[in-house]
Amino acid sequence: MRARIWAALAMPAAAILLALIAGAVVIILSSPIVTGHFDPLLPLATYSAIIQGSLGSVNGLVDTVVAATPLILVGLSVALCFKAGLFNIGGQGQFLMGAVTAAGVGAALSTAPPLVAVPVAILAGLVAGAAYGFIPGALKAFTGAHEVVTTIMLNYIAYYVVSYLVTGPLREQGASFARSADVGNAAIPIIFNQGTGHEAHLGILLPFIAAPIIWWLLYRSTLGFEIRTVGANPDAARYAGMRPRMLVMLTMTVGGLLAGLAGAIEILGVQHYMPAAYSTNVGFEAITVALLARANPIGVIFSGLLLGAMRAGAPLMQIQAGVPVQMIDLLQGLILFFLTADILVRKVFRIRAKGGGVDELNTVGRTYGGQTTTAP
Amino acid sequence: MLAPLFDVPVLGLIVQLVDYLINVLTVNGALILALSAPLALGAMCGVMNERSGVVNIGIEGMMLAAAFSGWYVASIVGQAIPADPSGVFGATPALLIGVLAAIGTGLLLSVVHAWLCITVRADQIISGTIINIVAFGLTGYLDLLLSQGSQPSGGKFQPFDPPQWLMDLPFVGWLFRMVLEQGPITMSVIVLAVVLQVLLFRTRWGLRTRAVGEHPKAAETVGINVIRLRYQNVILGGIFAGLGGAWFTLDFGSSFQIGMTNGRGYIALAALIFGRWHPVGALGAALLFAASGALGTAIRTTPPPGQLGDFLTSIPEQFFSALPYIVTIIVLAGVVGRSTPPAADGQPYEREAVT
Amino acid sequence: MTEAPHPAAERVIAPALEMRGITKRYPGVVANDRIDLQVHPGEIHALLGENGAGKSTLMNILYGLARPDEGEILLDGSVVRIAGPADAIARGISMVHQHFMLVPVLTVAENILLGAETMGNAGFLDRREASRRIRELGARFGFEIDPDEKVGRLSVGWQQRVEILKALYREARVLVLDEPTATLTPQETKEIFAVLRRLRDEGHSIVFISHKLYEVLEIADRITVIRRGRVVGERIPSETNEDDLAELMVGREVQLSVDRGQSQPGADALTVADLVVKDDRGREVVHDVGFQVRAGEIFGIAGVAGNGQDELVEVITGLRRPAGGRIMLDGRDITSSGPRELHLMGVGFVPADRHRFGLVMSFPITDNLVLNDYFSPPFARGLVRNDAAVRAQADEAIARFDIRTPSPTTPCGTLSGGNQQKVVVAREFDRDLRLLVLDQPTRGLDVGSVEFIHRRTIAKRDAGTAVLLVSAELDEVLELSDRIGVMYRGSLVAVLDGPSADREQVGLLMATGGRGGVTPPPTPDVATA
């Protein structure tokens, strides 16, 4: 058992390490601009600032968990879709739709009793996300349009929808910048208050509930067996009497649901309104989260926390070391790179553990040109 | 010409709409061709990749990185060797070296993509995603660092000034204006599309490339080096992506913004599919997508008169900004089932002996 | 390997091709063990062995697709090192592969030219010159071919000819043919043999790889038999026979055919009437087919691959909708029933391609064994699966069907072909069936597995199941079937009694559809992969 855990962890750990080293090189090379002189020790300051900012204080821990919450939820969405042979890059758009819907419904219910307002607003966001995941799912199932391109298009469309809604029907009159009205009573209650900006809302419990549910769904239920079979071999799934089209649509819908939920609780828990130019990278970060965990739902919790820690520590990194927060984006890209270039990692660390990838990605690539399963 | 029909109920509106669209297209022909350049160049990068069997969704990241490096290098060189714009497209050493830098960036990222897909045999869609994420992060990071010192622009190419008599020709004048009143990169797009088409379908190298993309095992058994041919194609495709990136910061615009490619690398993929993996077809598709983008601007600046105009201007502007993306989805949904990619597209090739 | 020299080998010239002491090891198996092979100019040399014996490995080494661990290759007496297929081709070695190496979307000319392109001026392909040369070449060997036809639209027999033309276009001195008659009718095989004899008489050396004893005896000048990577014998056709060769191939006395016994057919179980089926491209590939299979009998459908059998089987097993006609099982209309409904009605299916419909290669044996039953008790109750029950079932099946595996949770992809097929058989055979559909059930398997499956199929028949067997292996059909149907160009052209069927007669029907005479020229309406 211990050997298996070690084998599962070796590759991701090695990838992270190599990414940190590569990131350090970039930091050193850019140190003349950051600090005004060439500073080979800047990476140390940078990384220690990240750690300090995320794990070094109670504030930091709160920030980490709050930041990790959407990452884990959207990461679950991506992981679940991977298992079905689908690549859901649309987490971004589904998140935004969930967020803006929750903001709108929340604002409408801002004076209603919280016991009604909160669940209804969350539900609305959830449904919006699910619908937004259903669209590419149905397109894939019935026309073969590959979800990689359609979901990315939908991401951009979602951005414009949010822009339209927040500057139009949902606009808060008299606000200093374009945003929706405050959600008032629909805000998710705080359970742990460390002062402004470091409040842990009830929603942080959701990932820890959702992940085991998704795990159980995939590995202990008949529905999960069907999803995994469609991802591994759509033809055999047809012969087994499963309905690949239905499963594709269902999986994308649930994926959208999870991402929409993430958006809803992020707005209702953290901001309490929706700005017109809501900036987030959660969709792409979630891909790294899912792949680090090899699409295992329980693993997603850990990789989500890791990336959440990086996000939480970033502001301190910018203040203390002067390195822009975009370094985190770069580090995540590098982690993903080393995860994928597994033979490189294996050579450097002499790891014999097999497999750094997700098997179902095979189906993702094979269906690219529209060769779908041609039956119910 | 069709104006008298406008007052017919219902049908009149449609006729007026069509008339307006034709007007917009011919008046804005040059703009549309210009806007189609990054899409077409991205699609051509895609053609080279996918015809040899490698899926590349990292075109977006490649163009973004190329746009950044082109801009930055042009800026530095422009500061080091200031020069007046020359008569040809207003070229300066800074701009020329900038284009080279952009192409070089495209080549570099293509090498990475080729290595991951062909040698490591990683999932090709993940490889493309990595390039996008790294490019986005790196350019954002560097842009923020550098803009603290307020980097001056390296300038941009001037569009060509075709002779007036050519543009005044009846019926075809607008065509000449569309094709010739352009910066160098945009103008090269049509030529490149034709060249690539010929290369792919009439030369030995093109035949071998297509064979490798359809049935690599068969190609191997007649002595073709599948690995080498795939590397060649993917890396050369990077040239197109590099040019596409240079268009953003050296031809159409002159400064860099974070994320400025704005999804056009993905629309290029749709153009590729719509064009059935033919360079000239992809160019046609790119024009279509670009036109849908130009439409939005046109409606806002010069809407048609009357009822139609009122209706069109009442549609929120975000709809028109989103129109290219919507059109892409519609095209994909309608076309994909019927157009088949190269048979071995997306599947890593294993060189070990068969049976 | 000394023995009485064959008259053709009397001339004391170096052999055109010699492979000495070739050894090749893969993890866990010695594919070639010190193999010696000599092929003289103007000789057809057969390499005989069952599937997995090492024939293909040896030829891959010759062709530069693999490197030997020990041993050397000599051409015309001098040692050579073959770096890859391009090198092999340059040295005059050409290979016609078992699985076609043709690109379907390219034309005949483009496929033949690939790698040896005729260039015009300025680096462009010279299509016209190439077409001319190809037509000429075809005429030399007695067939008319259209160089501009897309290969994907040709029939399988014609694709085989294109493969051979490909080799000839490169002026091969040594021509290697790997199972060339696997997809040909007896008529087409005769024609190909005529071509080979003509080539031999012109001085070419031909290596003919096969596992079909009677063919080898007919065409070869000398025979080398390989078993488990070693040469176990060399023979001259006039001094040996099928039983001798079979024993050499397998290493023990082989029962060349299973005792079929008498069938006791009952009522009609499967009835197919006026069936019309279209393929993925919308073309009609099954025209008005009708037949019955009775309970307790084996109905074998013979026919060259690509005559509509795949689509017919898919329709009967619910994987495809027919365009017209009716299918009935025990009186119930199942024309539009899906796979699950059929499964619950007692229909079993062993598909031709187990990678597609048969197994999920990345899943463990346990899951594959319950692929159709995962939702029924005891394996699940509602949404919740019962892993213990699944595991127990697997343990039992592995024992009963003698599946060689390290553990029940091993992924199926790591098993050998024979064991993979056993998993499919264990799943499909292991219950009471009304109808059992078998599509190419023993393709590519070793003799032991073939025997196993044939025996079990007969046992199923005797237990009252109606068995529909579709196979391109004529011998398999003849051996097992109580009644035989022949598919030709999408129609069932004949139904014969099994035990009394004549091989020649069935072969002729497969090749001509009963219209008699010569094989018609290629037409594009029967397209195969």
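Per-chain residue numbering starts at 1, and chain names A, B and C are given in the order in which the chains are listed.
Keep in mind that, in the parts below, a residue touches a chain if its C-beta (ideal position, glycine included) is under 8 Å from a C-beta of that chain, and two chains touch if they have at least 3 such contacts.
Quantities reported herein were computed from a predicted structural model and do not represent experimental measurements.
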| item | value |
| --- | --- |
| Centroid-based (C-alpha) most distant chain relative to subunit B | C |
| Top-ranked pair of chains - ranking by C-beta pairs in contact | A-B |
| Between subunit C and subunit A, distance of the C-alpha-averaged centres to the nearest whole Å | 48 |
| Distance between chain centroids, defined by C-alpha means - subunit A, subunit B (Å) | 29 |
| Residue numbers of subunit C (touch at least two other chains) | none |
| Residues of subunit B that touch subunit C when the two form their complex | 202-204, 207-208, 210-211, 214-215, 217-225, 343, 353-355 |
| Subunit A to subunit B touching residues, read off their complex | 26, 30, 33-34, 87, 89, 139, 143-146, 148-150, 152-157, 160-161, 163-164, 168, 284, 287-288, 291, 324, 326-334, 336-337, 340-344, 357-358, 361-362, 364-366, 368-372 |
| Residues of subunit A that touch subunit C when the two form their complex | 220-223, 225, 228-229, 232-233, 235-236, 238-241, 359, 374-376 |
| Complex interface listing, subunit C residues touching subunit B | 56-57, 60, 63, 65-66, 84-90, 95, 97-106, 110-111, 113-117, 119, 123-125, 166, 178 |
| Footprint of subunit A on subunit C - complex, ascending | 280, 317, 319-320, 338-341, 343, 349, 351, 356-363, 367, 371-372, 374-375, 380, 382-385, 387 |
